[in-house]
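The two complexes that follow have subunit A in common; it is paired with subunit B in the first and with subunit C in the second.
So, the complex of A and B:
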């Protein structure tokens, strides 16, 4: 087991800078999730740690060893790919034992390790099958098994659940979480699905354009986002953003019929700001600002109402399970100060 | 799944005879060669077209071995075509893999240059190739017969097309499992090229087994001849023994035919997989 330290890691593709200089420390045994929108460089960063992409500059340390220039097979990492990447001509047993065979381990030991991993993952009955004869979930289990048998210092997961259907994804997510608890090995996991990030991670690294926007535990990022990007990315449904200006010792929400908020006194007078509030933190109250809903989603336990703001932005409100509200109805919203955030509209930086 | 259409009787009444005519037209020269190979000298020189010989002269199939060193010719043909096919099986996947999965400066130019050799007719290359072979002292040798055909742009192209769809992640996974480049090629890439390798081996063998011009140019001694040029022994100044030439033709045809029957499954599979049908 070992932690991972990235020191001034930089990755260029010719003239294109995919990852500007980046520093990150992932603790021993930690489950770290890289999250961000498509093209933010999270997979590139993971593949760089794996050694599948060359470093342009910087240093990658796993445990106490600088592995920056080592062959991928000699870094002590094992990776699970989105498309499983199982060898199609080998059966499950051969797939799982291939790395050990290359490492010239004795046959009896290979058989033993494969059998143990197969047992952990419920694959005992499928050992003689080829990948084409397995379901998506089974294939992903084989891919995980292939990683486990190598007893790596670090597991790398590159969007491993993206190809599975919703139900299976939830089940595999729980299995991965259990696996992490059982093995206690450092895991780095890439996803664009923030629900996966929130449920699995000990630590989330939010990336945008190759830069780290914020690092923290899931709840830290949820409760205390450093900027508008992180605030909008973490949480589902996403946070609502409204434009506002300072006036009368508080903020006036231009987007919500000029509703007056009693906070934001620290903002310079006349300065436009962006107010952020999560759908689940809005209160329904007869004295609140009116909002006409264009659609309502009934999910059984939860009800969401949607509206388009005058500025063109989308707005979502958790209707606290109310089933009597219909599209076209007007609801009155109260925005609690302690749950609201104020951002600089230009830099996206959080002001309050 | 293949879709089978059942045609009504009225359609079948004209489709089958029409198809029959085309098949017959295509097979006519071959059928005539079979007929010729069983004709006596008298029938052959009678000046009339004999379709079915009066008595089937199976002795022609024995005479041919006595009149020329045919065993040697066959051996030469098998050896040269076999070695060339083997070289293709070894080199084409390697080069195809490099073009499909590796990045290096000048790759695009080299690939286009390679493909452009497909556009140049062999006859244009014949003279420079002959001069080079002569200068290297390879005339009238097996090496001289084999070397110019040891690799082909077609084989490399076919392999590249087959290797391109192999996911990069599969190769990355092998790399992470600790495999080096050679291991990845042998353990991961090669096992997936079965149909393509069978196709290249078959096409190369058949093509080289039937090669006529190059042996005609390079080989001067009788015992180095393959069957194709060996048959010219029956082409004499004043007459040609067409019946024996036809027997030689049958000997040339049979191995290729049997090989095709054996490898047909792979061949069709390969054509379908490579999108070249």
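So, the complex of A and C:
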């Protein structure tokens, strides 16, 4: 087991800079999730740690060893790919034992390690099958098994669940979480699915355009986002953002019929700001600002109402449980100060 | 008529031209040939009578036929093995990020599009013991001149070399396409498993190329077993019948000796031999590889 330290890591593709200099420390045994929108550089970063991409500059340290320029097979990492990357001509047993065979481990030892991994992952009955004869979930288990048998210092997962259906994804998510608890090995996991990030991670790294926007535990990011990007990315449904300006003794929500908020005292008078509030933190109150709903989603246990704000942004309200509300109805909202955030509309930086 | 029946009928209607083509130009001649092989005299072109298996039994007594079969097997196996081996090595290099790869590919493919007659005559002139370029070069280097096409031990291998030169471009092209079709993530997974370059080739490239190798082995083998133009143009079957390939023997028997019935039996035997070799290649090389 080992932690991972990235020091001034930079990755260029010719003249294109994918990752500007980036520093990050992942603790020993930590489950760290890289999250961000498509093209943010999260997979590139993972593949650079794996050694599948050359480092342009900087240093990657795993445990106490600088692996920056080592062959991928000599870094002590194992990777699970999005499309499994199982060897199609080898059966499950051969797929799982291939790394050990290359390492010239004794045959009995290989058989034993493969058997134990197969037992853990419920693959005992499939050892003689070829990947094409397995379901998506089984293939993913084989890919995980192939990583486990090597007993790596660090596991790398590149969107491993995105090819699975919703039900299987949930199940595999729980299994991965259990696996991390059992093995206690450092895991780095790339996803664009923030539910996976929130449920699996000890630490989330939010990336945008190759830069780290914020690092923290899932709840830290949820409760205390550093900027508008993180605030909008973490949480489902996403946070609502409204235009506001500083008025007398508080903020005036231009986007919500000029509703008056009693907070935002530190903001300069007349300065436009963006106010953020999560759908689940809005209070329904007859005295609140009116909002006419464009559509309503009834999910059984929860009801979401949607509206379009005058500034063009979408607005979502958690209507708290099951409610008889339809599109076209008007709801009245109260925006609690302690749950709201104020952002600079230009830089996205959080002001309050 | 149900929808299913209509679909089947439409499919057969589209297949009909191909079926007719194969019936008229392939299966009918095979049937005629088999009929002719059971007759003595001059079936197809003149008087003939039923001879049973006499023609087939005579093959075993025909030393020239047996020698031709031996030479053909050496030629076919030699051409196939060397073409595939060299093509595999070249394709592995040319599939990579090599600067001049397109030029090299074009140069390699060039012999394949040159007429067989031209390339055979060109090589005949290059290999001429007295006026050929190759011996001139050997002499310049102080090496003894060689009797490439008149030495009975060397001649068959010279034909093999020319055949490899001729076919290599095609095999390289097919191998390059197959290598480029192997998903890159398999190599990356193997690298993470600790595979070095030689392991990647041995454990990923080579096994995943098996279907391509089978295809090329069958194609090159069948073409080589049927080869006639090369010995006909370069050696005339000599020296001492060393390059008298089977098809040349059949050709001589049919059109020089006008022994049509016997030539048909010889052809039919070759048909069965090729069928058997192709079956054996499938048994030996066929791998079920399905990408997921």
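As a convention for this text, the second predicted complex is superposed on the first by the 351 of 352 C-alpha atoms of A that agree within 3 Å, B and C clash if a C-alpha of one lies under 4 Å from a C-alpha of the other, contacts with A are read in each partner's own complex, and residues count from 1 in each chain.
Everything below uses one rule, namely that contacts are C-beta pairs under 8 Å (C-beta built on N, C-alpha and C of every residue); 3 or more make two chains touch, one makes a residue touch a chain.
Remember, it's a predicted structure, so these values are computed and weren't measured experimentally.
Taken together in the superposed arrangement on subunit A, subunit B and subunit C clash.
Using the contact criterion defined above for the overlaid structures, shared-chain residue A:250 touches neither subunit B nor subunit C, since it reaches no partner. Once the two complexes are laid over each other on the shared chain, residue contacts for A:103 go to subunit B and to subunit C alike. Of the two partner chains, subunit C is the only one that A:132 touches; subunit B does not reach it. Annotation: subunit A residues 50-52, 71-74, 77-79, 81, 83, 85-89, 98-99, 102-103, 146, 150 touch subunit B in one complex and subunit C in the other.
Put simply, subunit C touches subunit A in their complex at residues 183, 185-186, 188-196, 199, 203-204, 207-208, 210, 287-292.
Residues 167, 169-170, 172-180, 183, 187-188, 191-192 of subunit B touch subunit A in their complex. Contacts from subunit A toward subunit C in the complex involve residues 50-52, 71-74, 77-79, 81, 83-89, 98-99, 102-103, 130-132, 134, 139, 146, 150.
Per the touch definition, subunit A reaches subunit B in the complex via residues 47, 50-52, 71-74, 77-79, 81-83, 85-89, 98-99, 102-103, 146, 150.
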